[in-house]
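Going by the order they are written in, the chains are A, B, C and D; count residues from 1 in each one.
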C-alpha cells in the first residue's frame, strides 16, 4: 500500500522532529524579540546610529563587559551622579555637590566625561577629586557651558591634570597623553605617579559651581568611561554592538519573509505551470527560468542600486524577482512526475477543466514543498541581504548586521583584535537564519519529494 | 469501401472510418519522424456490445481507443458517435467536446495511478459529477450510492482516502467514476492486466453486467486473447496500427483466419502440463519492427511464414470471408 | 533425485511500524538438478521474497529470520558474505528478475556490463565471450554496443539471461521473467529457459502469477499463499487435479484460451503482520470447517503431492 | 550525432538566454548607464580639446569649441544618443558585447589604465582561479561525501551531513572568512590574512607560485566550508533515490561489491543529476565567492566591485556586473553540456 499522508499527519510528524521543534522555538523567541525591538527602541535610533558624535560618551572599540569574567580587566563605565547641590544663591552664588564611588579595577577608565548642569551662566566650575589616600586633584574650568560634555581631551582639564602631575613628579612635563592624565587621577601618588599602580578604594568627587547670578544646578554627571561596554562591546565610534544587533533583527525577518514568500510562491507557480502545460509553453517558460538563473543576483542588485532608490519593499521585490528560478526548476520536476500519472488524463477524459485538475492534483502536492522552500528560502534571503549590506548596498536609514560588518572590515577590526565587532553580528545572521533552515529541513524530510534532477 | 463499415445500422453507436493517428516526433534541427500509431482503421461498435481490441504493445490499440472517445485527435478519418443524432467525435471542440465526455468514457489500466491517492473516495466521485454540472447535494449523494452498489463497493468506504484502499477496490472506483455518467461507450484500457488473478473475474463481471443490463458498449483493449475470449462479443486484432481481423469472439479464437492472429493464439499459454519438455512453435518470424519504420504492403509480411510477392507491395483490405468475420490478408 | 537447492523452514520477515510482516514463513522447497520448479501465487504471497532470500539479497528492513538454505548440501546462509558473493552469487546461482528490463545500469552498454560480470568473478570476459553469450540467446552481436534504453523489452530480457549465463551457473532464479513481455516474445523467452534446462542442465526456479504459463514449463509446482506453501507436487498433479481450495480457485480465476468464464476469489489476503493460528485461507474458503479457524494445517502427503488443508 | 544536436540546440538556447539576461541588465541599469556614457563622452571631449590646444593647429577658440562639440556628439551618436530607443538599445548592447565599457572615474588598473576593460582584464583571472578551483573542489569532495553518506544511510556519518547542510544554509560566506582569518591568520599566524601574493614573480616562479597557493588557502577553505555541505546533501538525496532503482538490486545479485556498485554504477547513473545540481550550486555560490574576495582582499572582480562601491565608481560597477553575468552564464553552460555528455539517452539521440 502506498504511503500517502494527510495534512494532520504532516503536522504530527513535524512535531516529532526534534530539529523542527527547536527551530520553531528559536523562531518564536526571535519574533518576540522583534516585537520588543519595534515597540521598545525608538525609530530615531536609525538616524542617531549614523551620527558618530552621538556615541562619544561610550568607550570606543570596547569588548563586552563579561570579558571581565574571563580574566580580562576591562572596567565598565561608571556614572557618578551629582544632583543634590547645596550652596548660596544671589549675585554671588556658589553651589557644590559631593559624591563618592568605589574603584576596584587594576586599570583606570578609558575616559572621564564631565557633564555639568546648572542653568544660566557660571564663571567657574571646579572638580575636587579626592583619592582614597586623601590626596586631592583639582580641575578648574572657566566659563563652563551648562549641558556640555567635558572630557579628558578638553584643554582646561588637560592643563589642570598636567599641573598635578608636575606637582607629584617634580618634573616639568609638556605633553601628557590622555592615558597619563587618567593614570594621574587614579594612581598611587609619588614621583613615579604615571607608572604607579591604581589605588583601589573609595574616591570622592565634589563639583563646585561659581557664578554671579542665581543658578539652578541639577543632575550633573561625572562619567568614568570604561574599557568594556554592554553585552557585545562597541565599535570604533563607541556604538554598542548589542543595540545594533537588536535593531537589525526586525529588518532581516521582514525582508526575509516578504522576499521568500514572493519568490517561492512565484517560482513554484511558474515551474508548476510550465510542467503542467508541457509543450511549447513549458519550453518558453523553462527558458525564462534559465534567463533569470543566469543573472548574478548580487552584482545585479549592486548595479541596480545606483539607478533605483532601495527601500525594504523594493529590495525584497528585487531579491524575489531574482531568486525564484531554483524553486521553479524543482516545482517543474515535481509537476512533470504528477503529470505523467494517469489520473491527469482521467480528469481530461471526464471533462474536468485543466484549471480544476491543477487545483485538485498539482497544487496540493506542491503545497508542502512550498512550505519547506519558503522556510529554507527565508534564511537564504537573509544571508543574501546581509551580504549585500556587507558590500555596502542597503536601504538608507536602517541598521543591518551586514552594514556593521562592513564597517568592521573597513576599520580592520580583525587586525586590531576587535573580535566582538565581527562575531556578534555574524552570529546574529546565523541565529536569524537557523530556525528557518531547521524548520525547512524538517518539513523537507517529511514531505520528501525526492526530486531527482531533470 | 472496406467491410466492417457497412454495418452502419441502427445498432451502431460508434463508427470509425479510415482513422489515422500520426504522431510526428519532431526535434530541434531534425527531420521529423512520423510514428503511425493508427494507420487506417475502420470499425464500428454496437450498442451494449463488448468489442475487444487485441494486439501487442505498439499495435496502436490504446491510441485507437483514445481517439475513439476524442482524447486524441485523428490525423485523418472520421469517428461518428451515433447516440440519437450523429456527431463527429474527432473534430469536437470546446463545449461540444465537453458534452461528449459524459457519453464517451475511459477506464484505465493502472488503478494505482489513475486515481489521485490523496483524494477521498467521495471527492473522486463528486468532482467528475460537478464538472458535468451535477452539484445538488442530494443528486450527488444518490448517484454516488447507486454507482457504488453497481460496482460492488461498500458504502462505508466513502470517506476513506483512496490510498487506503486495495488495488481491486481502486479499480472499482475507477469504473464507478466512469459509470456515474451513464455513458454510451466506454474504452476499457487493459482494466484487469495489473490485477491479481483472484480479482480479475469480479472486475470482468462488472463490465459484462453493465453491457448487458445498462446497454453500455465497451471497447475493451487487451493484449491477452484469453481475457478477450472471456469478456468480448467480438474481437478485433490489431497489428502495427491496422485491424487485421475482426469477428465474433468464439470464431476468432477457435477458428482464426489471419496468420498473425494464429501466431498470437499459438503463443498464448494454456493449462497443459504435457508441453513442459517441448519447444513451443509459433508461426512468426523475427521481432516487431520499429515504430517509425513500417513495412510496405501488408505490414505483417516480413514476419509472415506465408508471405507472397503481392503481400510486399499491396495492402490487403478487410474482407468478409465468413459471415461477420472479416480478415485483411491476401491468403483469402 | 538429490536436490541442488533446498530451503528448510525458511522465514523472511520485514520490520514495519506495525510489527514484522511475515513475508515467508516456514517454507520448505527443493529444486533438483536439471529441473524447472514453478512457484506460483498472487502478489503478497511471498514468492519473490523467497527467491531474493535464497540469493541472500534481502536488505533492511527485511531479514532472514530463520531456517536454512542448502546449496549442494552447504548451508549458504551461514557462510561469510564476502565468500558467498565471490563463490556463489551469480557464479553458482544467477537470477533473472521481473524488473530485468530495468536490470541493466542505464549508463553502460550491454556488452560492457556482461563483460564486467565476468571480470569481477575472475573470468577473462572479452568481446568474443560476450558475443558467444548473446548468440546463445539469439541476439545480434551489435546488441553489445547498445545502451539498455535502445533495446526492446524482449531484447533486454534475453540480454539479461545472457548475462545470467555468463558464469555458467547451476541454478537460475527466474522471477516473473516474462510478465512485461508480449505473448510472442514470451514464448521465445520460455523456450530459451527450456533449452537451458535441457541442453545445459541448468536448474530453474520459475516464479510467476500466471498458472497457465507455469503449467507449460515446470516439472514440479509450488503454490504459495500468504507466505506459506499450501500445495506442492509434480506439475501434472497440481495443475490437473489441484486439491487445495486456493489452488482450485486460482486455476478457475486464470483466463486461458480454454476458458469461457473466469471466477474471482472473494475476500482479501490476511494481514501478514498479525500472525494467527488459523488456516490463512479460511476466511476466503468455500469449504471452511470449524477446525480451519483454530488450527493451521501442515503440509501432508496425499496422492503423490503435499497439500496443507484439513480436507485431506 | 545525438549529442551534436543536443549541443547545437542548447547553445542556441543559452546564447538567447544570455542576450535576454543582458537585456534585463540593460533595462535595470539604464539610467546609470546613460550617465556613465555621458560622463565618458565629456572626458573624451576634454581630452580631445587638450590635444587640439597642445598640437597648435592654429584654430581659433570658437573653432576649437565647435570641433569639440562635434566630437562629443559623434561620440554620443556611437552609443545611439538622439536615436529612437530600439536603435539606442541595439548600439549600446553592441558596445557592451564589444567590451566598450568606458573608463573608470577613479580606479586604475595596475598598469595605470583607467579603462574599465583593462581593469577587468587585470582582476578577472584571479576570480576565475578562485571560483573554478573552489567549484571543482566542492563538486568532487561533495560528491564523495554524499556518496559515503548514502552508502551508510542512517548511520552516524550520514546523520552529520544534514548538520553540515544546515551550516551551509545559515552562515554567510564572508563571515566564515572573518572567523578563519581571526583564527588562522591572527591567532595561530599560520596563513596570510589576505592578498594574493607577497613575493614578486621576479623572485622566481616557484616561490611566487607557492606563495600564491599559500594565499589561496584560506579563501578556498572558506568557499569550501560554505558550499560543500549543501552539495553533499543534494548528492546524498540523488544517490539514495538512485539506490532504490531496480538495477541496483540486480547489480548486487551479480556479485558486485558495494564499493564498485556505488562508486561505479550508482555514481555514474546519478551523474547527470549531479551535473544539474552542480549548475544550481554554481549559481548559488557565486555571490558568496564575490564577498570572500572582499574579506581576503583577493584582487578579483568581487574585490574590484567592492572598491568601486566604496567610491561610487559607477562605470566599474556596470562593467563587472556585465562580466560576472557572462562568467556565471559560462558556468551554467558548461554544466548543461556536461549533463548531456553524461546521459547516454542524449548521446544516442533518443
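In this section, a contact is a pair of C-beta atoms (placed from the backbone, for glycine too) under 8 Å apart; a residue touches a chain by one contact, two chains touch by 3 or more.
From a predicted model like this one, the values you see are computed outputs, not experimental measurements.
Peer 1: Per-chain Cα mean versus the mean over all protein Cα atoms: which chain has them closest together?
Peer 2: D
Peer 1: Out of A-D and B-C, which chain pair has the most contact pairs?
Peer 2: A-D
Peer 1: Take the average of all CA coordinates in subunit B, do the same for subunit C, and state the distance between these two points in whole angstrom.
Peer 2: Comparing mean C-alpha positions, subunit C is 32 Å from subunit B.
Peer 1: For subunit B and subunit D, let me know how many angstrom lie between their CA-based centres, rounded off.
Peer 2: Computed value for the inter-centroid distance: 56 Å.
Peer 1: Two-or-more-chain contact residues of subunit B, please, as numbers and ranges.
Peer 2: Residues 166 of subunit B touch two or more partner chains.
Peer 1: Show me the residue ranges of subunit B that touch subunit A in the complex, using the header's touch definition.
Peer 2: Its residues touching subunit A are 69, 71, 97-98, 100-102, 105-106, 108-110, 112-119, 123, 127-128, 131-132, 161, 163-164, 166, 174, 177-178, 181.
Peer 1: Name, in rising order, each residue of subunit B that touches subunit C in their complex.
Peer 2: Subunit B reaches subunit C through residues 56-57, 166, 196-205, 223-227, 229-230, 253, 263-280, 282, 284, 287-288.
Peer 1: Which of the residues in subunit A come into contact with subunit B in the complex?
Peer 2: Those residues of subunit A that touch subunit B are 1-4, 6, 341-343, 345-346, 348-353, 356, 360-361, 364-365.
Peer 1: Given the complex with subunit D, which residues does subunit A contribute to the contact?
Peer 2: Counting only subunit A, the residues touching subunit D are 19, 287, 290-300, 302-304, 306-308, 325-326, 329, 376, 379-380, 383-384, 386-387, 390-393, 402, 405, 408-409, 414-415, 417, 419, 422, 426, 429-430, 433-434, 436-438, 440-441, 450-454.
Peer 1: In the complex of these two chains, what residues of subunit D are touching subunit A?
Peer 2: Residues in contact with subunit A: 13-14, 16-18, 20-21, 24-25, 28-32, 162, 165-166, 169-175, 178-179, 181-182, 185-186, 193, 237-238, 240-242, 270, 272-274, 276-277, 280, 283-284, 286-288, 290-291, 294-295, 305-306, 309-310, 312, 314, 317-318, 320-321, 324-325, 327-329, 332, 339.
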